[in-house]
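One chain, chain A, appears in both complexes that follow, with chain B as partner in the first and chain C in the second.
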Partner chain A sequence: MSAWSQFTAIVKRDLLLEWRARELVLGMLVMTLLTLLVFNFAFDLSGVQRAASGSGALWVAIVFATLLGWGRAVALDRQEGAWEGLLLSPVERPVIFIAKLVSMLVFVTIVELVALLVLAVLFALPVLQPGVLAVVGLGTLGLCTLGTLFAAMTANVRSREVLLPALLFPLAVPVVIGAVRATTLELNGFTGDAAPWQNLLGGFAALFFALGALTFGSVTEE
Partner chain B sequence: MATVTNTIRRPATAAWLSVLAALSFLLVALSVVLIFLYAPRDVAQGEVQRLFYLHLPTAWLSYLSFFIIFVSSILYLVRRHARWDRLARSAAELGFIFTTLVLLTGSIWGRPIWGTWWTWDARLTTTLVLWFIYLGYFLLRAYVADPERGARYAAVLGIVGFVDIPIIHMSVRWWRTLHPQPIVVRSEGPAMPPEMLVTVIVTLVAFCILHVFLLAVKYRIETTRDEVIELRGALEQHG
Partner chain C sequence: MTTQIDRNDATRLGHDPVLTARALTKRYGWRTVLNRIDLTVHAGECLAILGPNGAGKTTLLRLLVGLVRPTAGSIEWFGRPAGDFGPAVRAQLGVVMHRIMLDPELTVAENLRYYARLYGVIDAAERIRALGEELGLTDRLGDRVRSLSRGFQQRVALARALLHRPRVLLLDEPDTGLDIASRIRLVDLVERFCADGGTVLMTTHAPELAIQLAQRAIYLERGRIVWSARGRDELDLYLRIQPRLVTV
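Coming up: the complex of A and B.
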């Protein structure tokens, strides 16, 4: 099998399983919506400053949903030895890395689209513009590249719920800072000012995509 | 059947380690004398400024320790020899302690000077994030049951973490400067008089040597620990 067909096989498998069970995306979705709801009570999401609070709420919701998603995805993969089976098959490790990344990106994107709609409708924020969508895309990519790597590390660990955030949060600080800043600027219409942050997000995603693909092999030697 | 092929290292301390111990003791003692008796009292900040002499080396060493983790991690993943993992473990422990010290000394120093225990300026925030990365490193090692796997994972974290640190610093700095803050924080005053400069340099050298000494001691402890584990395993197999 070529790398491409291996890649599509893994992605198709993940998507098919999720389509049948639908628990991953639904869980992430519920988490995201509840987070946005709670944030509305914690911060003023309806006032004049709502662009800043709104983007902060959005990104906190995305981060938590991503963590939840990864935790569930890893747990699902461990059932029936599916993860071990995947590692035993003659697929190149970087291919597995990219495939897992893409599957998670699909799930997170679905959740984010709903979250953005909620923000647009309930909190009257102009989120459905190309600048904001670009930032959300880049930030998610950065989060998920790190998440894929650390999810593989925490696959066989007892306290995955503690360890995955402990690893991901500090390293994802640039993504959170950049994404929140850029989203706020885009929402307020300062597209030019958002450009350096978008470059940071893009650079981060590219760098850790490469680094993740390189080191994924070391993580998944079994 | 596994056989123990390592010879057990004798507990006698190597000569160079004793020299290093004596040297670090003397240098640190010298720095203490310099800090309290030789360096002049800072005009603006008073006696509390003397914390700076401790603050600077610990800051330097906390980042240097992570660099050691970075290099050892790469070497471990490439060579797979246990010594590199031991070095990474030892440097991590030291680095974590030094990072904690930086944050504490900085905070204590900052309280009378800035009027606050903490401020989210770029350097402090980056150091705090570094502290959390160290914490994650230890949690990873603690929670992963298999030591070989733990060593591999920690090595990957060491590499990814170190590469991320300059990016974290850059993003935090932009975060703080693209929206300028009303208070400009300066941790050093104007150009230092020579007595202060001498004190800084001596203290920095003293702490570097102390760091090397502590790292060597910790490394030996880890080596012995690994040997004990190996022996215990061999005993259980034969036993």
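Coming up: the complex of A and C.
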């Protein structure tokens, strides 16, 4: 029995469930599009503020959508004790962590691709460029890594919908700030200035990943 | 990263007893759910865990399978501390809890194939077919779990627990929702499992099931073992003396 086979089984199961239920991605998409639309009407999109407004709108949409996604993903996993079934199987905890992270990354990436296209149309911004995509990728990795860990931590808590964002917020702040700053700079064409922020995002993603892989076993025990 | 699940590997890990729990205690805040439970279970034994609601039966099973961390005390599976080789121990356990531990939106076959991959079952298709026949699920393999009755869901949960040929079955009220025919099938299945050298730990509210299957029983009340009975006659006697305790 290989860890790879277990990993692919978990990811395949998550994707199949989402394909059947279409709850997670659809909910996240609606939240994202609504956020972008509201910001589009609320802000003055003329002049130099366009990039900052677009960048802020994008990351608010991503953060809200992923929070919604985690809540739903945890609920789907917990129904009828399927999560306990996974924990009882002979799968190493880091494998579960990475599989759950990858599943969530797939869902969030689908939402982000649509969000970027909508952002390009509504805000008339050149979002489909390597620098912006790299920032979105790194920021998403950091957020999803943190979210996967905290979602597991709060899985057995009755008020997890409230607790999850409350716990997540302080740690996610540097990622969100870094992502907004780097996206704005990339959209304005200051690629060189965005590099330190990208490094920060990469560093946080690596740190959260290591933290998650090391502690996932402990946080899943009652 | 690989995890061994071969039954022979577990045999190498140790022999009798299969399970030893010492001074097992679980507290949630100020409330003590289990209080210094000592328990030894040997290979091939079927142990019934009896007691009224809230006695700590389910918590005991959850502690033994590693879903809950004990406040104090120790657990040894196959002669070694459970924490030392988690996946190797988990590979030897088949667990049926009150919740069915299946994905309702997946079909019976999809659920079983998923668990077969998690447990590294090589002959998954053959094993699923055989268990389907044994548990009367052959016609329902393509049905979504959500669409099944509670009794059928319980049968699928049993199939999932047996899929990887575990050495130990831990069953939390396995007769819940089963009709008479399914209950007979369950008894037959557990008897054959024990006859093949498997070990069973089972909580139940049904005294007749305990008498029928268990060689030994313990009775829990308020987190403590109040009495234990060895042999069916002794168990029968205890249950006759204190029938109200079991049927609460």
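Criterion: the second predicted complex is superposed on the first by the 217 of 222 C-alpha atoms of A that agree within 3 Å, B and C clash if a C-alpha of one lies under 4 Å from a C-alpha of the other, contacts with A are read in each partner's own complex, and residues count from 1 in each chain.
One rule holds in what follows: contacts are C-beta pairs under 8 Å (C-beta built on N, C-alpha and C of every residue); 3 or more make two chains touch, one makes a residue touch a chain.
Note that the coordinates shown come from a computational prediction; the quantities given were computed from them, not determined experimentally.
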| item | value |
| --- | --- |
| First, second, both or neither for A:Leu87, with chain B first and chain C second | second |
| First (chain B), second (chain C), both or neither touched by A:Glu221 | both |
| Touched partner set for A:Gly189, first chain B, second chain C, both or neither | neither |
| Chain B versus chain C as contact partner of A:Leu163, first or second or both or neither | first |
| Which superposed partner A:Leu17 touches (first chain B, second chain C, both, neither) | second |
| First (chain B), second (chain C), both or neither touched by A:Gln79 | second |
| Touching partner for A:Val95 - first (chain B), second (chain C), both, neither | second |
| Partner chain in contact with A:Met153 - chain B first, chain C second, else both or neither | first |
| Partner chain in contact with A:Gln6 - chain B first, chain C second, else both or neither | second |
| Overlapping contact positions on chain A, where the chain C interface meets the chain B interface | 221 |
| Contact footprint of chain A on chain C as seen in their complex | 1-3, 5, 62, 65-69, 86-88, 90-91, 93, 95, 97-106, 110, 114-115, 117-120, 145, 160 |
| For the chain A and chain B complex, residues of the former touching the latter | 146, 149, 153, 156-159, 162-163, 166-167, 169-171, 173-174, 177-178, 181, 193, 196-197, 200, 203-204, 207-208, 211-212, 215, 218-219, 221 |
| Contact footprint of chain C on chain A as seen in their complex | 1-3, 5-6, 8-10, 12-13, 16-17, 20-21, 79-82, 84-92, 95, 217, 221-222 |
| Touch list for chain B against partner chain A, complex | 77, 129-130, 132-133, 135-136, 139-140, 143-145, 149, 152-153, 155-157, 159-161, 163-164, 167-168, 170-172, 174-175, 178 |
